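Below are two complexes that have subunit A in common, paired first with subunit B and then with subunit C.
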Partner chain A sequence: MKHIVKILALVVAITVLWIGLLQTSVIPYNHTWLLPIYFVVSLGCYGLLMVGVGLMNFPTCPQEALLLQKDIVEAKEYLKQKGVDLTLN
Partner chain B sequence: MELADRAVGFLLSVTSLSIFTYYTFWVIILPFVDDDHFVHKYFLPQEYAILIPVSAGVTLLCFLSIFVGVVMLKSKRKKA
Partner chain C sequence: MDEPHQKQKNKYSIIVPTYNERLNIGLIVYLIFKHLRDADFEIIIVDDGSPDGTQDVVKQLQQVYGEDRILLRARPRKLGLGTAYIHGMKHASGNFVVIMDADLSHHPKYLPSFISKQLETGADIVTGTRYVKGGGVHGWNLMRKLTSRGANVLAQTLLWPGVSDLTGSFRLYRKSVLEDIISCCVSKGYVFQMEMIVRASRKGYHIEEILGSICNCINRPRAFGIFIASSMPPKPPTKDPDEILHAIQDCLSAIQTHMESQDNREHDMEAKHESLHPILYHPR
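Entry: the complex of A and B
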């Protein structure tokens, strides 16, 4: 709930800044109109960059995978002893 | 497999950074450069700075809706 308040406040602040720029016309009019699209594009670029960085340093733990495989074999044996049918269909 | 993932991640990062740099240059810096400067040869007219992102967004939304629709149809067929 707190996060959404933060994001909404940021959006409102950016909108107010943009409307102020539109009203005062410090920058030429048609360049001010480009700014929201610029924000959207930079947000998309940020998301893509985060996905790329996350893929690049994706944590893998081979030792844990070996332990998990061992656990699976153990559990299968235990269930077979108890008489559970484990054949996949 | 891990190397391929790493390569894809690197490619994504490079793509996003280059798009960001190019677009920043296009939208923020270019209006302050003189109209007869040679840099203007490497950029499309200013209208395309709106047209391309909007069309890309609409295309993305279309593909997303088609994907969601296909998944819903598939899940319905499985239930029946």
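Entry: the complex of A and C
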């Protein structure tokens, strides 16, 4: 239950800040009213950006595939010698 | 406590759940014995009644390597991945448990680095990551990468687990720790691995990641269908057009269940794990 409390506290803090801004009208009222929408949109953008960056930098390792292929040949040889039948009959 | 002494004392139980892995189980056992020469270990194969004769191959392997090193703990039918781990753990005599897939997506050559990382740091869990430099995957299509990334970003943002790769499943656990976290996992499918690691980090267990090693290199054998499974009937393609949707749904439900049931540990373990979706066996 600790984590939900943390997230709720964050949400409450942001809401309080927003209501404070609405009340004090430091920024024009119209702008303050739209702030939550900006917030949600920027959160979405952040998510998409993270996924995009992650996809672009997704590590791959084609050389490992070749190494594995070698290992497989080696293993098959060995097991054949030992009389283990791996093929599907 | 000097290190050689420590190493002598530790025993590693490698749990490999299988279903129709006749060829791969032979390869993986060979590779484990090749790469883990100086550690005390046992391989526990939990086979869910494969029709392709996986168990016969395992019996032949027992003749080669010894019945005390390879344990076959079969179950009559497909009962799911979560219960396979529990079943395997019941028979594990080691104080550490390694969980790996039988489809060669997890290469046994990384086992020594898991073990030495654990010895160095005294960690409770060592997990392999694909997202740190040096890690990587091969043979994944864009959809699968997108799913993996999307689920990880979503979970990172909402759960702050402090682990870079949540869905990877090549991990080494202290046995008592695995018993503890597996008993309170409620989710199923793609998120099962995620839930385990998030719960572990919430419970304050010491988690270490293996950096700079390629862990989940080849995740699906069908990427290598040509030479791994040439004699086997091809497995059904895993690509599901709604895969990402499912992943996100799963992710959301995991987050939900996680928040709802943090203290819900008294549940009957068996009943919960009955419902676990068999991740490994997915012909989705």
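To be clear about the criterion, the second predicted complex is superposed on the first by the 59 of 89 C-alpha atoms of A that agree within 3 Å, B and C clash if a C-alpha of one lies under 4 Å from a C-alpha of the other, contacts with A are read in each partner's own complex, and residues count from 1 in each chain.
By our rule, a contact is a pair of C-beta atoms (placed from the backbone, for glycine too) under 8 Å apart; a residue touches a chain by one contact, two chains touch by 3 or more.
Keep in mind that this is a model prediction, so the values were computed, not measured.
Contacts of A:54 after superposition on the shared chain: both subunit B and subunit C are touched. Measured by the number of subunit A residues touched, the leading partner among subunit B and subunit C is C. Using the contact criterion defined above for the overlaid structures, shared-chain residue A:12 touches neither subunit B nor subunit C, since it reaches no partner. Applying the stated contact rule after C-alpha superposition, one finds that A:45 touches subunit B and leaves subunit C untouched. In the superposed model, A:62 makes contact with subunit C only, not with subunit B. Judged by the touch definition given at the top, the superposed model places A:34 against subunit B, while subunit C stays out of reach.
When the two complexes are laid over each other on chain A, subunit A has residues 51, 54-55, 58, 60 in contact with both subunit B and subunit C. Chain contact summary for the complex, subunit A toward subunit C: residues 1-4, 7, 47, 50-51, 54-55, 58-62, 64-65, 68-69, 71-72, 74-76, 78-79, 82-89.
Residues 22-23, 26-27, 30-31, 34, 52-53, 57, 60-61, 64, 104, 107, 130-131, 133-140, 142, 145-146, 149-150, 152-154, 157-160, 202, 214, 217-218, 223-224, 227-228, 231-232, 258-259, 262-263 of subunit C are the ones touching subunit A in the complex. Against subunit B, the residues of subunit A that register as touching in their complex are 27-28, 30-31, 33-35, 37-38, 40-42, 44-46, 48-49, 51-56, 58, 60. On subunit B, the positions that touch subunit A within their shared complex are 2, 5-6, 8-17, 19-20, 23-24, 27-28, 31, 46, 49-50, 53-54, 57.
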